[in-house]
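Common to both upcoming complexes is chain A, partnered first by chain B, then by chain C.
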Partner chain A sequence: MFKFLRIYSAFIKQQIKSLMEYKIDFMMGMIALGVNQISTFLVIFAVFTQIKAIGSYSFNEILLFYGYSQIVRGIDHLYNDNIWVVGWNKIKDGSFSNYLVRPIPILSHIVMERFQFDGFGEVLIGLAIFIYAKINLGIAFGLAGWMVLGFFFFCGLAIYFSIKLATAAIAFWTVSSGELMSVIYEVNTFTKFPLDIYKNFFLKNFLIYILPFAIVSYFPIAYFLRDQNFISNLLGFRYYHRELLIVFVGFVTVLFYCASRFLWRMGLRHYNATGS
Partner chain B sequence: MIEVVNLGKSFKIYKKYEGFTGAIKSFFSTEYSMKHAVSDMNFHIEKGESVGYIGVNGAGKSTTIKMMTGILVPTAGYCKVDGIVPYENRRQNAKNIGVVFGQRTQLWWDLPVSESLNILRDIYDIPHDKFKSKLGFLKEILGLDEFYLTPVRSLSLGQRMRSDFAASLLHEPKVLFLDEPTIGLDLLVKDNIRKAITQVNETLGTTVILTTHDLADIEEICRKIIVIDDGRKVYEGTVANLKKEFNKYKLVKFELKPGKTPIKIEGLFNAPEEDVKVTLENENLVVKFKKDKFEISNIVSRILGEFEIQDIAIEEQEMEDIVKEIYLKKGNV
Partner chain C sequence: MIKSILKYSGFTLNAVKEQYAYKFRAIIWTFYNFILLFVQYFLWNAIFEANGGALYDISVKKYLSYVVMGMITNSFLHCLIDGSIAEEIKSGNVSMNLIKPYNYIYMNFAKQIGYTLGSVISLSPLIIVAFFMTGLSFVSVQALLFFIVSIFLAYMIVFLFNMFLGMLAFWITNYWGLRLLKWHVFVIFSGELMAINMFFKIGNNGISNFPIPLPEAAVQLFFKTLGIISYCLPFQAMNYTPTAIYTGMINDTRQILVHLGVQVFWIIFMLGLVRLVWSKAKNQITILGG
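Showing the complex of A and B:
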């Protein structure tokens, strides 16, 4: 772990150096992301000047979902961006082989090779919105609440990681899986808002059981905003404590993580190492 | 050091059809054939040996190297490098080996050579003082100083290859795999790299396995040679033996006097073409003959009696021709 951090920081230092070299590129990236974030925020704001609430959610509640989802997405964006290159190119052009001849775990190698500073945009704006909404709602989590949120947060990151890993692994069979990765990753857009406003049975269950993006931000925030009845309805059970949700989230996360690691391992054995 | 036993690798090749409608047809087709990139490969390499692994394009050289480096998992047999099965114990094996792919860099495109090597130091856990002395040695034999702080993407091919070569040796690997390390390089860099490989092999006792299409690489670096074709081994032995065994021919070149190009060159010797062959190359008359069938003096006197000759040169058959012969004969050696 210490070694991992040391190499990771060496890579980050180098990237900061090259960011200095390509100032304009970096500024453009930050501006583009900032505009993207602020425009989404303005859309929500505009909608809520017309109506008081969507479904059972008030403006500030919606913001809490939105802000939290952006923080998770941003952190994932920061540290786990190189896997995109694996899905798009590295398997196709054979440069993936480089990871296989080094004496460190492949996934840590992939992660530490690239730190995506663009992610800071999402994290900062997400954080600002989250804090703003939390103050306006006047809710307090308490120490236990924060710990639960921390656990949810970790699970959210693990879900992002697993989904990206599994879709990138498809490239071991199909040579390149960038498009598939994008399509599936973009489903995370649904996590910006509470899931039940979509009022779609299929979509809801799809996002809980098939592609569990619901675990990333919908469940965690609903846990703090809604009561026991709501939560047990959500899972399709009745009369359970809402703490069941914590177990459920942890369980699905572990399941997904293991499944994607398994797929990745199978892919590695299938890797054909194109090129001479 | 390296043990390869009944090693094989087969790929599924899905049947392809030509053209746009063909592409659609291929998309839905599930027909496939098996391509045996490597089959039933067996060889042994001792510690400190330098081995040339050669064959035509697509013969399966790279595939074998990739199995020995842990990149590919074989579909038959097994291989061991220093007692470790590479594709099962990938990380352990990676510590023992150094790999250079001539076609592709292993360094980071955006980083300067210096930083790439520093990161590799951390990846391989090389102690600082050891790293320093090793780096000094490599800088000297490869002349890295002139581009040490340049980003890899701005290096010329020769500089990049030298950097890649340095990167593969930092952690003092027991075995060095070189997959076409001199491809596309100019004569000076080729020479530099060959000398460096020889030095590493001789002074550090590093086992070297090298694939190449440039047989001069083999002659300068390797003592042993393995020739493969169509995924199978067709020859294994020392370079000296190969020459002795296959070097059955000698060449004599006669430079003709200007304007004296002969009209008839057939039937000069009363022997079948495989024993002696006369050809006309530019202004030269070239006689290739079997050493055990003819005396060189007979050949020369016969030609001198027939044509007006300006100069004579006697050559041993080149290694390239020998290997060409092996490739053409395939398994019948």
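Showing the complex of A and C:
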């Protein structure tokens, strides 16, 4: 564990150095990411000058969903960005072989190699919005609630990790899978807002059962804001204890994680270094 | 004239071929567009329904066709010239283009036409789906004609603007931050996030039941300012103007002509800027690597 942290910090130091190489460019990039954070918020802001609620959600509830989804996305963005490079390029240009000959487990090496500072914007703005909305809604989680939220949070990160890993693993067969990764990842845009406002049966079930981005941020917040009748209707089956949702989320997460690890392992076995 | 068209058409043809070399990629990007389309469509549908089917005097049908048409316009005007120029400058390959007997700007324009021709095919599924979702009905034949003029003007602005940004790489070398900045500022001020006239409508029409305790005047001023900034930047001429003309968001003939005039202004302005930057860049060029 200690060795892991030491190596990680060495990697991060190198990264900061390379970013500082082009200072003006880096500054502009940071400003750009700030602007990007503002834009969705601007839509919410503009719309709520005119209407009271979207679907059954008030302004603060919408913000709570948005803030939470940004935090999860941001953390994933921070630590788990290098997998994109694997999907786009590493296998195509043969540099994936580097991972195979180093004395560190492959996946932790991939994670450690790049720390994406862009994610800080998402995390900070997400936290600010989440806290603001939570205070205004006046909901108290209590210790048990926070622990449940912590569990959901962990599951959300695991889902992101699994989806990115599985789509990147496709590259072992197709050499590059960056496009596919982008498309699948982009589906998470739907989770910025509560899922039921879209009022689309197909979309709802797709995001719950096929590509479970709903697990990432929708169910965790719905669990605290709505009762179990409401969530039963969403899931399409009835359940009688509120806590069963936690089991459901955990179950789907484990299923997805195992499946993507399996795919990754198959891919590794299939891997052949490209020429040059 | 014909001779020079023949000379540059080679670049166009190559760019078209390049698009077809990766068919799988083209198909995947079509799906990418679909996802973006669905997100926008369902979101705005929900918002308008929450307000009983209309916001101000804009009906949900009109706004949805604005959103969908905006996406089509955007994909049609998609330009990657800035990235490829910046890449050439960073890698040093631009030197090869400087010693050859053709005009660098014309060459890039020829390339861009090729990219557009190539992408029209992958655009058609998007248009078909959009047609079934909203009908894509245009207001009048006159509006359609104005739209065609406007989109060609927008095409020129987009090309010149990206040419300008790409050439800035002569000074900043790394073209990562500036590109991100372009993307994200574009989203807000081009009408992609929401129609520019919405900014003014919020600014002028007062506010009902706003959830944050802020003075009404301040919020109005804020949105009005956003609208004014949009008209000071070239982005609205790249996307909002053609889309809004097509969908009838701008329907007064005099207003349409003013908007077209603004587009012409941006073309002349950008043309001057590109020439200026290009002549400066040629004098201070440093070729990296070898």
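Please note the rule applied: the second predicted complex is superposed on the first by the 274 of 276 C-alpha atoms of A that agree within 3 Å, B and C clash if a C-alpha of one lies under 4 Å from a C-alpha of the other, contacts with A are read in each partner's own complex, and residues count from 1 in each chain.
Keep this in mind: a residue touches a chain if its C-beta (ideal position, glycine included) is under 8 Å from a C-beta of that chain, and two chains touch if they have at least 3 such contacts.
Just so you know, these numbers come straight off a predicted model, no measurement behind them.
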So, A:11: does it touch chain B (first), chain C (second), both, or neither? first
For the three-chain arrangement built by superposition, which of chain B and chain C touches the greater number of chain A residues? C
Taking the superposition as given, does A:29 touch the first partner, chain B, the second, chain C, both, or neither? second
Classify the contacts of A:258 with the two partner chains as first (chain B alone), second (chain C alone), both, or neither. neither
So, does A:269 touch the first partner chain B, the second partner chain C, both, or neither? first
Quick one: is A:39 in contact with chain B, with chain C, with both, or with neither? Answer first, second, both or neither. second
Pick one for A:203: touches chain B only (first), chain C only (second), both, or neither. second
Name the contact category of A:247: first (chain B only), second (chain C only), both, or neither. neither
Which residues, counting only chain C, touch chain A once they are in their complex? 24-25, 28-29, 31-32, 35-36, 38-39, 42-43, 45-47, 50-51, 55-56, 172-178, 180-185, 187-188, 193-194, 198-199, 202, 207-212, 219, 223, 226
As the complex stands, chain A meets chain B at residues 3, 6-7, 10-11, 14, 18, 93-95, 97-98, 100-105, 113, 269, 271-273, 275-276
Report the residues of chain A in contact with chain C in the complex, numbered from low to high. 21-22, 24-33, 35-36, 38-39, 42-43, 46-55, 58-60, 179-180, 182-183, 186-187, 189-190, 193, 197-200, 203
Hey, which residues of chain B end up touching chain A in the complex? 11, 57, 62, 66, 69-73, 90-92, 94-95, 97, 99, 101, 103-104, 106, 108, 110-111, 115, 118-119, 122-125, 179-180
